[in-house]
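Chain lettering (A, B, C, D, E and F) follows the sequence in which the chains are written, and residue indices restart at 1 in each chain.
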Amino acid sequence: MKALLGIFGFVIFAPLAGGILCGLDRIVTARMQGRYGPPVLQSFYDVLKLFQKQNLVVNRFHGYFLFCFLIFLIISGSILYAGDDFLMVVFALTVADMFLVMAAYSTNSPYSFIGAQRELLQMLAVEPMLLITGIGFYLAAGSFDIGHIVSVGKPLIFKMPGIFFGLVYVLTIKIRKSPFDLSTSHHAHQEIVKGLTTEFAGPTLALVEIAHWYETILMLSFVFLFFASQPVVGILLAILIYFIEIIIDNTNARVKWQFTLKSSWIVTLLFGGINLFILYILK
Amino acid sequence: MASRTIIPFGPQHPVLPEPIHLDLVIEDEKVIEAVPSFGFVHRGLELLVGKKDFHQMVYIAERICGICSMIHGMGICYGIEHIMKIDVPERAKYLRVIWSEMSRIHSHLLWLGLAADAAGYESLFMHCWRIREKLLEIIEATTGGRVIFGVCKVGGTRRDIANSDIHGILITLKDIEKDYQNISKVFRDDYTINHRFSNVGFLSKKDAFELGAVGPTLRASGVSVDMRKTGYSAYRHLEFEALTENSEDCYGRCMVRVREIFQSFNLIYQAAEKLPNGPVDIKVTGNPEGEYFTRLEQPRGEVVYYIKGNGTQNLERFRARTPTFANIGPLVRMLSGCDLADVPVIVLSIDPCISCAER
Amino acid sequence: MNMNQEIKELKENELISNVSRLFKEGYRLVQISCSKSDKLQLDYSFDKEYFLLNLRLFLSLENPEVQSITDIYWSAFTYENELHDLFGIHVREINVDFKGNFYRIQEDAPFLNSDSIQHGGKE
Amino acid sequence: MSFLKKSPWIIHYDGSSCNGCDIEVLACLTPMYDVERFGIINIGNPKHADVLIITGAVNSQNASVIKTIYHQMGDPKVVLAVGICAASGNFFRDCYNIKGGVDTVIPVDIYVPGCAARPEAIIDGVVAVLKLLEEKTKK
Amino acid sequence: MFKLPVVKMLFVVLKSLFTGSACKMYPVCKQEVIKESRGFLNIEPSLCILCSLCSKKCPADALVVNREDRTWEVDRMKCITCGACVEACPKKCLILLPERAGSSIRKQKTDQFNIPIEKP
Amino acid sequence: MNLIMFLILFPLIPAIIIRLIPSERVRTSTVLISVAIIAVASIFLAFSSLQSGCQYFKLPFKNAGTLITVAEIVLAVTFLFFCRRLPFRKMWIPVIIFIQYIPVQYFELSGKVPVPVNYLILDNLSIIMALLIGIIGGLITVYTVGYMPRYHKEHPEYKDRTSAFISTIFLFFFAMFGIVFSNSLSWIYFFWEVTTLCSFIMIGYSRTDEAVDNSFRALWMLLLGGMGFSVTIVYCSLNKSIGTIELSQITAMTNPMVMFPVVLLCFAGMNKAAQFPFSQWLLGAMVAPTPSSALLHSSTMVKAGVYLCIRCAPVLHNTSSGTTIALIGGITFVVASAIAASLSHGKKVLAYSTIANLGLIILCAGVGSSLAIWAALMLIIFHAVAKALMFLCVGTVDQQTGSLDIEKMRGLISTMPQLTLMILIGIAGMFLAPFGMLISKWAVLEALAEKNPFLILTVVFGGALMMFFWGKWMGTLVAVTGKHMNKEKYTGIYEWAALYSLTILTIGTCVLFPLTAVYFIHPYIMTIYPGFIGDPLFHHDNIIMVLIMLGFAIFLPLGFLVHWEKLHYSVPDLGGANVHDPERFMGSMGESREWHLGNYYLNDIFNEQKLLLPANIVTLLIISIMIIAVII
């Protein structure tokens, strides 16, 4: 029952929270750039507008793939909020991302193709760290079950600071922020136009936006898990982490894929690996 | 087992404010071959000499390019004055220097912003342009236009800066310079900027010279060529050095521009200090007859105008060889072997002004 | 100021030897331009330490043709393609030959057909 | 209720302009003018864009590009011609390679005058566009 | 590897976050008018003598002077506000104002002025 | 018992029939009937003895040992016969044969080898393997019947020896059934060498220089593995504290002396499973016709290797040797995945992915805990099914388009929709949640999490790389190029039959994996680890989640059938440089030019040449150290 409640809450409230968070993000970003910025609800306006636009497609496959992308992202979040296996969350997330990549591939257009390649590279960069996070939770909390991880008395951050750092590092990739917004970015001043979303227009693009909200909330939930024993602090810290991501976004240029891949793997190996080692010894 | 990707890059492309097209052949994001294409902005305005008289040609020359408009206008005036042996009043010369240095600052700030944007550094882009806007206000207050200056005319300048205003302008400029100081440090030291600019678009000193690169592109490869050193207008009375960098890459080109902005501020201060009193223009009678190659230093580099008059109201030939045009050869050379992500950075590193290049 | 410039008239067959001599002496290619009067006047401008040296050639209006200097100055292809597109000058052996598609103008050689100015206006 | 006017995404294409208007269009995005207040993003991709901003006149080569971009945009869409080159071709209309204003290839909804058009003028144009967009969606 | 002044941008960014935006808020606030700005060509019809020097000097052919109808027209969609006409006008009846012309849905936006016959 | 003997010996009958009667009709019908019989027999075997735990069988007749010895000698002579035309500088290959056969034969003939009591074993592991061999191998054989004539039509330069090929396949079945049901090391050794012989014949099928080269490389590498057996047998005979050559007894011992033979057996297993540094033979096997690759990679040959390692797993559990073996598996997993990421040749990618997956299985075997074995068995099942499907699909694509290059498969979904869907299912089965491999990977991670965090690093990085290259491939397939020309119609009935069956099997194994786990795997693990109480994955709603995802994955494709209203078709964004043909753009030189897309292969980082040598050296070092350490 509790699990159902969690799933229900996630499906309903995650896009709302994610949308407002994105709106705030845009205001804060604008202020950091000396601009005034859009209204808070701008993200919702954007998505609603996209639903009113013509559904312009190259072929009818990518709409389907994007729909799957959204579904699996929701499934991934639902597993998390139902308190199930952490690894399963990551795997479902991978499936979701894979559908996004396939959607971009299926359009068979140069820019979205390169975007898809880069998205694959980003997944390559991110996935080890996410799995290591799961294993870290297992070693620190004794279970892969999120329900169990949440119920551990002390904040897990003290046991796994290295993994936390690694996760925050790759979080930048996942929530598509500079310096790692390789495959697509919100403001498309990029060498590959809009990357893998180049060919998505109108309602299909709206799906991507909504999925992005879900993804943001999901990623911040990962952060939250480190502070799960103090929910209020956890939420505040998750928001703080998001704020830090915004700052990083605004103080870094976009780097190249080589750097993204190498640095995130090194961080994963170094911080994640060493942290795992210590956890293993302590156990 | 890499496989090739052949894609078009532009003409409509978000990182390129102006249309330029490249056929890119890439392999794992490594550019194997890049063939540029032109003509999206080609208007053919050099032929307008047949329709417009030489006074009107000044307006047209200013609209070769909106960013370099001041020096385009100045170049054609300078050439015609030379042919007609007009001696421009000293004050006009100093005013021209002040405005052309302002135009250099605004152009370089614009470039810095665009380069940051091409590297995906949106906030830096915004801050560069925020500072630039302040300067544009001064430009507008003194010339009447934000981007098209429209102050040069044959025989002097069209407007004067009142001596009483100069003090206020200098104070504002110093404010701007202070503000800019922070930004320049970001360009100099920021890690990701270094990552994106260093060792990208390598152009050796020898190549740069032989391929006929001009302006910051040439100077970043360690060749000290700055047409202002020929001493046109009031430059002969001012102290400055041609700035060079030895890193021979995009970072060097960026640093040359970063430092030139300070130099330009300095030149404006010097010129304002030395600004003589007197008229700003003299009356021009008669028509030009003869030919002259004018060479000036634009923000983007050396510009060459060939002006040929035949004694009528209309010039016989007006040709502008703009810096971007000269930098296309080096650009093609730089592009081979770079990463796809570097393409916009490299293209921007020559500060392309396509409407200049194609006229 | 005129000391900074010099114009040297050449015959067509002297061009390559002169250009390669200048290349060896360390001149930088500044520009190649053309203007049309009763003949086509080609200017090859070179620079060395702020001294501008122009090599000037005259070509006839009928089937103008000139040898490319891209073997010496690699980047001269831009100028030479421009000459081809705007003036209809056939430049032999350009290293990067756009074959008349440098500017992709609808009419051929607008500068050569001087009357194109008159019907140029399109309201 | 039309959300189009709350979030018009623009694509900017530089025809044969002198850059003057282009940098002013860009300046609109920057701190002093910041059109993101109206939800405007320079999206740079015709498939996502609602407003096509064209500066400069049309020449024989970029006519097809402008047409392509226009046709790749999804309905409803509007075209904003910025600067007098985009309206009439300026004095370049006498040049051999210029076809004339933007309306020679695609229908234009709003013209913004100026050489170069001031950012304020462009913002005025954008505001006019927002009204027009609402009318277009109602149809 | 990481140079310390990576903090520089942080400083710039945080400063602008807390000092508020540099935005002029144009349509909400009124535009600040710089009086030297070349924005809008205007005529004092009473002074005009229909000499049509202005239209001859105009590089953009934006001005049409019709002596028969006694009208002076400017096409705002052609005028480049360069000021050539202002300089050419013998009667100093043309003036460049700092305001600017508004946008229009038509390609031509002609302002026509009738020139009164009466001359002082 | 009789059923086992039947399964082992029956394949010899069709092998001989097909070899002797060259008629194509006889061949086809023989194949179909035999395959049906084998499949039915193995299924029947499975159902009859699934719940009966581990059973051992003695032989009803006495002279079985002698029989095998004679057979081994015949085999050795056959090997030498094949080596007769070798150039002098390759004469060390026969030397290997001598070195490994002479001691064993000496010991066996002189009666020093202990005589095993139980010659045959039947437990759930054998049953799983038998099912894989019987069903998947059978389907591949059916495919072969349709494939070979077309193969020869395409390659008229090769001599048509289809009969020999198919009879070799049946010989292969004979050997494989022999391996999985034998309990005596000398028997396994014999069957082991038969598989070597079969793969040698298959690889050299086309008799081109390359094929012959590769076949000899396979021969010596595999013989090197066989050496592990001969030494083991000799050691077990000499060492009185072991004193048996029964595999079940050896793996049940707690005697530290047993470590040496077990490590040697694992060495043989890793060799056959093409782990680094012995991976080259499997790659060389690519020259053979596709069915043989499918056979080698999916259900037979390489699976024999991992089968042996899993048999040894209980001994390896919690030992340093086990960890070392796991490490080799882990290194193989990462490096092979990395190399696969840098390749575009379809079959090579498949080969490296096989090596990588086998590495994962070896890793599990090396860890040897109950959950690890659970994962290993799951991996074996899913890998066999999906890999067979992939190979057959790719072979079909190759026949229709004439290319194995992944790049050339761009837009295959437009030209070959059914086949593409099958490949997609195959690929999804290889790595994507909620399909099979993912469940196994999950289990691997959970198994390693409590055992060894270092090996986990290899798994997570290897897994990410695996996702990268499969993702690339999937994407390439689904790109819709708009060229609608159905190229599938030339595929024959046998091929379709095999492909559809395998597709259904792939999905079926995924959907039914809880049943597989409960009825096949748990009983087996309980025989080794009596304390095993079902696997920890089954708590909470994990199964439900997986099944929900699976449901989505299977039923969402129906979305294709729904025709979306109000779609407006447009052309790709080419930066405004579009021309009328959407496949072309306006190039720089003023001519329209075709745009072209090619995947990334990250050659700077992952490079076959760059990675192979260090990986081989490192693994070779590790193996040497391990063996030396065990001896000491």
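The criterion applied here is as follows: a residue touches a chain if its C-beta (ideal position, glycine included) is under 8 Å from a C-beta of that chain, and two chains touch if they have at least 3 such contacts.
The model shown is predicted, which means the values in this text are computed figures rather than measured ones.
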Fill in the blank from the handout: Those chains that touch chain F and also touch chain B are A, C, D
Handout entry: Reference chain F; chain at largest CA-centroid distance
Key = E
Fill in the blank from the handout: Busiest interface, counting C-beta pairs, is A-F
Handout entry: Between chain A and chain D, centroid-to-centroid distance (C-alpha), Å
Key = 34
Practice task
Measure off the straight-line distance from the CA centroid of chain B to the CA centroid of chain E, and report it in whole Å.
Solution key: 25
Exercise for the section: State, to the nearest whole Å, the distance from the C-alpha centre of chain C to the C-alpha centre of chain E. Expected result: 40
Exercise for the section: Note the residues in chain C that touch 2 or more other chains, in rising order. Expected result: 101, 103-105, 110, 116-117, 120
Completion exercise
In chain A, the residues touching two or more other chains are 30, 32-37, 54-56, 110-111, 113, 187-189, 193-194, 198-199, 201, 250-251, 258
Exercise for the section: Return the residues of chain F touching two or more other chains; collapse runs of consecutive numbers into ranges. Expected result: 568, 570-571, 573-577, 586, 588-590, 595, 597, 599-600, 602, 604
Practice task
Go ahead and list every pair of chains that touch.
Solution key: A-B, A-D, A-E, A-F, B-C, B-D, B-E, B-F, C-D, C-F, D-E, D-F
Fill in the blank from the handout: In the complex, chain A touches chain F at residues 3, 54-61, 63-65, 67-68, 71-72, 75, 79, 82-85, 87-88, 91-92, 94-95, 98, 101-102, 104-113, 116-117, 120-121, 123-124, 127-128, 131-132, 134-135, 138-139, 144-145, 147, 193, 198-199, 201, 258, 261-262, 265, 269, 273, 276-277, 279-280
Handout entry: Residues of chain F that touch chain A when the two form their complex
Key = 410-411, 413, 432-434, 438, 441-442, 445-446, 449-450, 453-454, 456-457, 460-461, 463-465, 467-468, 471-472, 474-476, 478-482, 537, 539-542, 545-546, 548-549, 552-553, 556, 559-560, 564, 566-575, 595, 597, 599-600, 602, 604-605
Problem - Residues of chain E touching chain B in the complex - result: 1-6, 8-9, 11-13, 16, 22, 34, 36-38, 57, 59, 80-84, 87, 96
Handout entry: Sites on chain E touched by chain D in the complex
Key = 21-27, 31, 39, 59-61, 75-82, 100-109
Completion exercise
Within their complex, chain D touches chain E through residues 31-34, 37, 84, 87-88, 90-91, 101, 103, 108-115, 118-121, 123-125, 127-128, 132
